[in-house]
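Pasting the structures in now, so scroll down.
You will see subunit A twice below: alongside subunit B first, and alongside subunit C after that.
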Partner chain A sequence: MSSPAPPSVDLLLELADDELVLGWRDSEWTGIAPFLEEDVAFSSIAQTEIGHARAFYELAAVELGTTADALAFDRSPEEYRSAQLVELRLVRDWGLTIARHWLYETADAIRIAELAGSSSEDVAGLARKIQSEEAYHRMHAQMWADRLAESDEGRSRIVAALAELWPYALGLLDGSQRDRFAEETARLPFFTPPDAEPVERGGHAPDWSPLWDEMTTVRRSAPGSAW
Partner chain B sequence: MAVWEVFRQEREGAPFQHGGSLEAPNAAFADAYAREFYGRRAESFALWIVPREAITEVREPYVAPVFDRDYRRVDGYSLKIKLKEARELAGTSKR
Partner chain C sequence: MSVATLTEERVWEALAEIPDPEIPVISLVDLGVVRGVAVEGDRVRVEFTPTFLGCPALELMQRLMAEAVREVGGEPEVVVRSDDPWTSDRITPEGREKLREAGFAPPGPRPASGLVQLVDLQRGPFRCPYCGSTETRLDNLFGPTPCRSIRYCESCRQPFEQFKTV
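== the complex of A and B ==
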């Protein structure tokens, strides 16, 4: 197999933006997760995602002659390349949150595995490091999905949540990766992905603008400051 | 929700020592939380994750010391005085 070309800056920004925005959304559970242990674990996962975002922004920043912070916080809301799945504000609904977590981690594993075979050693090395942390995220997502599916009410809610988010989740991946993604749902025996039109990148969810506002508010309060 | 006790091994071959406890609904959750709390920063080589109810606790686990048999305890053999005398003899007494 020949090595694929290094990822484009656009792809690096997609990955970085997805991780940053999901990290933010997951961090909205800090302090209000269902129980203390989960609060610590989910907050930690949120932090890890933001760490991955930082690493992708740094790679993109070298290409673009800027900094990771400038990419993360100084762009206008329309310039972000995040998928709508990560932009949705799901706080208060743990079932939807776990559905997104499972779908995101499963899709992410597919694209990160491709990056691990990149001809760019920087990208491949970063992808391998990320894989080791994402393995924990997948284990966490799977155990929660299985747990919620143990009761009748839980199963109907997690199945409805997965079906609702499936079109958004498809938007995380390239067309060529989506069949593989659908096959991975076999690990959720209670769920069959619906036929649905993918929600593609480019547009943004209505929840995105208020989040962007919050995320960048301190940075915008003192433009150009050294922190 | 059950309580699980977590024991950490810092290095390969080192004894496992109690790290703390956590609450989790089943073994998979206990595994995930134990890794998160005790393994995330590579501070452990291995973990033992034990449901608290699997632990047998004995309280006041002594055999009643009816007779004075202090000499059978390790700390019964006091070397302090002998050591002091030996040091004085050798001229290496501690100040």
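== the complex of A and C ==
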């Protein structure tokens, strides 16, 4: 399904909040990933996600008459529209981290592809730009998921992690996109998505409040400071 | 410089002297981020297309372009365009040569879909900027900045930075 109308402000904020919060979570691996290459990879992915968040906040800020910084850092925790998948603190569990990475990038590709068909040339262009950058995220996620599945222990852990996070991952997308998402799991021949109730947006994970506190510390202690 | 002599060509020349903030061997014009220049009297509109959205150098690039326009006597307006995004194919042939000379492998051509697949990066050919060998392998999709991957040359046994194809 394509969505030719320009995206709503709510959708822009969902996209931006997801990317910002995930970028923050990815950066928690900086310095403590299993090896140096992954320190570099997750740090770089975090940087890219936060760049994408900023681009979406800027579009939303025009509509709302505010700034990207104000949207990113001046809202109360309840006002964020992030999906709970990105809020979970998974650092130190590499299997869960790779499972989230694969699920997020796969789901994100579905919604960004819809934006690439937008009637707004700016939105469509931005979506194409994001697609080309996130192609690297998807390659990385797929490589790792396949790699973990090569051993018996690795496979059982990545499968358990994917199953645990699947209901959260469904919450990234709306109803019509979820079937596509389930089909995409064919790229993981060792995984069958479970029947599960999606964890919808609106509520927040218990891990969210401390993260919000950390994310907004600088801005709250120095109101108006710029990104 | 008087207003009357300010031309688009003069502005392009000024922009071509701005080094990329992170890879100073090439200019912003070599990098292909300047999409258009329009001069009207002393007002100069520069259209800029960001390279990587997470790149911290983007704001500096815009500021440097505005300064360069002021130096030739223009009043700058740097506009970010996102309708026709930058791709690595926009790096000029001169820019690619300068990258290679500096030990940076220039990006390969974009696939028709615009989206790179792992097989593209594994099959190559990607040439080592030091010894010219194509016996290289992908070491890390990610590197020290969003625009770079890391490859390893099996011939001269050195890692090198590969500009990403995007």
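The rule is simple: the second predicted complex is superposed on the first by the 220 of 227 C-alpha atoms of A that agree within 3 Å, B and C clash if a C-alpha of one lies under 4 Å from a C-alpha of the other, contacts with A are read in each partner's own complex, and residues count from 1 in each chain.
Heads up, the rule we're going with is that a contact is a pair of C-beta atoms (placed from the backbone, for glycine too) under 8 Å apart; a residue touches a chain by one contact, two chains touch by 3 or more.
None of these values were measured; they are calculated from a predicted model.
Asks: Does the subunit A-based superposition show subunit B and subunit C clashing or fitting?
Replies: On the superposed model, which is not a single observed complex, subunit B and subunit C clash.
Asks: When both complexes are superposed, which of subunit B and subunit C contacts more residues belonging to subunit A?
Replies: So, of the two partners, C touches more residues of subunit A.
Asks: Touching A:R147 in the superposition: subunit B (first), subunit C (second), both, neither?
Replies: A:R147 contacts subunit B only, not subunit C.
Asks: Applying the touch criterion given at the start, work out whether A:E37 contacts subunit B, subunit C, both or neither, answering first, second, both or neither.
Replies: A:E37 contacts both subunit B and subunit C.
Asks: Per the contact definition in the header, classify A:D122: touching subunit B only (first), subunit C only (second), both, or neither.
Replies: So A:D122 only meets subunit C here.
Asks: Would you check which partner chain A:Q131 touches, where first means subunit B only, second means subunit C only, and both and neither mean what they say?
Replies: second
Asks: Is A:R54 contacted by the first partner subunit B, the second partner subunit C, both or neither?
Replies: second
Asks: With both complexes overlaid on chain A, does A:R220 touch subunit B (first), subunit C (second), both or neither?
Replies: After superposition on chain A, A:R220 lies in contact with neither partner.
Asks: Go through the superposed model and pick first if A:R92 touches only subunit B, second if only subunit C, both, or neither.
Replies: In the superposed model, A:R92 contacts neither subunit B nor subunit C.
Asks: After superposing on chain A, which stretch of subunit C overlaps subunit B: 1-9, 19-27, 109-117 or 145-153?
Replies: The one stretch of subunit C in steric conflict with subunit B is 145-153.
Asks: Indicate the residue numbers of subunit A shared between its subunit B interface and its subunit C interface, in ascending order.
Replies: The answer is residues 37, 40-41, 44, 136, 139-140, 143 of subunit A.
Asks: Flag every residue of subunit B that touches subunit A in the complex, lowest number first.
Replies: 1, 22-26, 28-29, 32-33, 35-37, 40
Asks: Can you list the residues on subunit A that touch subunit B in the complex?
Replies: Residues of subunit A touching subunit B: 35-38, 40-41, 44, 136, 139-140, 143, 146-147.
Asks: What residues of subunit C sit close enough to touch subunit A in their complex?
Replies: Within the complex, subunit C contacts subunit A at residues 50, 52-56, 81-87, 110, 114-118, 121, 139-146, 149-150, 164, 166.
Asks: Mind pulling up the subunit A residues that touch subunit C in the complex?
Replies: These residues of subunit A touch subunit C: 37, 40-41, 43-45, 47-52, 54-55, 121-122, 124-126, 128-133, 135-136, 139-140, 142-143.
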